[in-house]
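Each chain gets a letter, A, B, C and D, in the order it is written, and its residues are counted from 1.
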Amino acid sequence: MIEKLLIITTGGTIDKIYFDDKSDYQIGDPQIGETLQAMNVAFDYEVNALMRKDSLHITDDDRAAIRGAIEASDARHILITHGTDTLVQTAQTLEGLDGRCIVLTGSLFPARFRDSDAVFNIGCALGAVQSMEPGIRVVMNGVVWQPGEVVKNVSENRFEARAG
Amino acid sequence: MIEKLLIITTGGTIDKIYFDDKSDYQIGDPQIGETLQAMNVAFDYEVNALMRKDSLHITDDDRAAIRGAIEASDARHILITHGTDTLVQTAQTLEGLDGRCIVLTGSLFPARFRDSDAVFNIGCALGAVQSMEPGIRVVMNGVVWQPGEVVKNVSENRFEARAG
Amino acid sequence: MIEKLLIITTGGTIDKIYFDDKSDYQIGDPQIGETLQAMNVAFDYEVNALMRKDSLHITDDDRAAIRGAIEASDARHILITHGTDTLVQTAQTLEGLDGRCIVLTGSLFPARFRDSDAVFNIGCALGAVQSMEPGIRVVMNGVVWQPGEVVKNVSENRFEARAG
Amino acid sequence: MIEKLLIITTGGTIDKIYFDDKSDYQIGDPQIGETLQAMNVAFDYEVNALMRKDSLHITDDDRAAIRGAIEASDARHILITHGTDTLVQTAQTLEGLDGRCIVLTGSLFPARFRDSDAVFNIGCALGAVQSMEPGIRVVMNGVVWQPGEVVKNVSENRFEARAG
């Protein structure tokens, strides 16, 4: 068993909720804590709700802040939830944090949707982060990808192997 | 990415459905294929629906059949769904299948329940089987356990670290 | 708006929960209160959890008790949840309670199932009980039936118009 | 039993779906047909998908079109799904359609959300439309309201009795 999992949340579709009075969809509180509680998980974790952004709005400064949050922690296992549009890009900026097992995931449908992929992806990311060698992985569509081998296919709304 | 995942289903709570005309609860078709399809997974898999049993009724012959199904396949990554009461026991009988990554999981609530742990556990098992070194793991309650370190706490209805 | 709704629960599939440690399905606490709270209903109600029985085990004495609970109350609007197998039969024994609007409903799948008809049926029963003339109605499969015109088709697992 | 139900859909939150590629929320196909099919309803209905609008964008012309669709049909029972912000206002413009039972409903959360009120409200509207005298009713939060007695409390995100 791992000692303690550090969870960093940054926003994205996974945390989107719906405000009827504005007929709008905004990023709410991180959903992952609620999910882990409902699933009655048997490990310790800490949630660092670092930012609440659509991934299209994540800047280089934000990516530096994510990296800083990892460096500031002594956790060896880190799970990051992130919007899907630039998830792979953020993953690539986290190279070189030696000795850490880092997994990034998100969801294509908000966690509050009936058939959302959020709970499945969180599960898959947890399974990966506990089993992998130190390094960085992206978990989407049931696959544990290396950052350099995966791309989001926006029109098909899924992650797939990068061509060529 | 893994080449192909072999999924062996054996029954258990995860596959239980409800028959109103009998006011009864029986093991139905494996739910995992439906889940993987709904999650739009980006890997190949094959489902071998080997048996439909409550895990309390799994015999030594059944365990030999599970082992045989693995040996008969050239898949290196294997996911087994199983009832929770004897899941750990079955895991222990699969030792010695060199070069295979084998993960057993199940669920404490039927997959068709609203807040079932089934989708989460399947996700977690998938993340583990793709990331681990060859060997055997049990995935329940968000943890990737070694077979010898975990036990089902029946009264609390959860898996936890074996005492001592 | 109605003044106050009396809800009498008797058990049945709608209230069935799953006990993993017994691999069994039993009648739990009434689910209707939880549903009405989640739906944030704008009326007053009182839940009388009268019994917890499969409807195949409901006796003439039980039916007398249900009738007694109605007579003992000054509520004019009554909603009864009941197992589906003898729901129509119980409805027929409640004739002659003048001046009361009484609706019986249940569900073909436990309320805790993902695609259960429970929430839909409770909604439909509420709409009927507030809108009808005094009398008795059975609500199942989206129809507000008179007790004499409906029958459960067990093999098809649905309620339908009684032939002839 | 009613002969045939005419269902008119106009859009609103109930039909909102989520487009990840636009990080946006738009009105999709009417959800009510899918719901009625899933609930295996035992009555005939026809869905007229008249428009797809947020109720804040429903104009007087749109309301005339809704009224026209009712007048053009020989159905005596009509169910209308509508955005919640101006649902009551639309209800009030349908006065004077003699001999028709008309119920308007919507939902505060999209039908695709896990704990949406959509299925409950549709059930409640169906129960009302089958049981009421000719006239117009608004169904929200479990209550069958007359159009003049109800108001949406936007900040509390619920419908309630109009003050004094």
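Throughout what follows, a residue touches a chain if its C-beta (ideal position, glycine included) is under 8 Å from a C-beta of that chain, and two chains touch if they have at least 3 such contacts.
These numbers were taken from a predicted model, which means no experiment stands behind them.
Asks: Spell out the chains that contact subunit C while also contacting subunit D.
Replies: Common contact partners of subunit C and subunit D, which must touch each of the two, are absent.
Asks: Going by average Cα coordinates, which chain is farthest removed from subunit A?
Replies: Ranked by distance of C-alpha centres from subunit A, the top chain is C.
Asks: Hey, how far is the Cα centre of subunit A from the one of subunit C, in Å?
Replies: The separation of the two C-alpha centroids amounts to 44 Å.
Asks: Can you give the whole-Å distance between the Cα centres of subunit B and subunit C?
Replies: Taking the average C-alpha coordinate of subunit B and of subunit C, the gap between them is 38 Å.
Asks: Give the residues of subunit D touching no fewer than two other chains, as numbers and ranges.
Replies: 114-115
Asks: Can you work out from the touch definition every pair of chains that touches here?
Replies: Those chain pairs satisfying the definition are A-B, A-D, B-C, C-D.
Asks: Using the touch definition up top, name the residues of subunit D that touch subunit A in the complex.
Replies: 13, 16, 18, 20-21, 23-25, 54, 56, 83-85, 108-110, 112-115, 154-155, 157
Asks: For subunit B, which residues are in contact with subunit A within the complex?
Replies: 1, 35-36, 38-43, 103, 115, 117, 119-132, 137, 139-145, 149, 158-161
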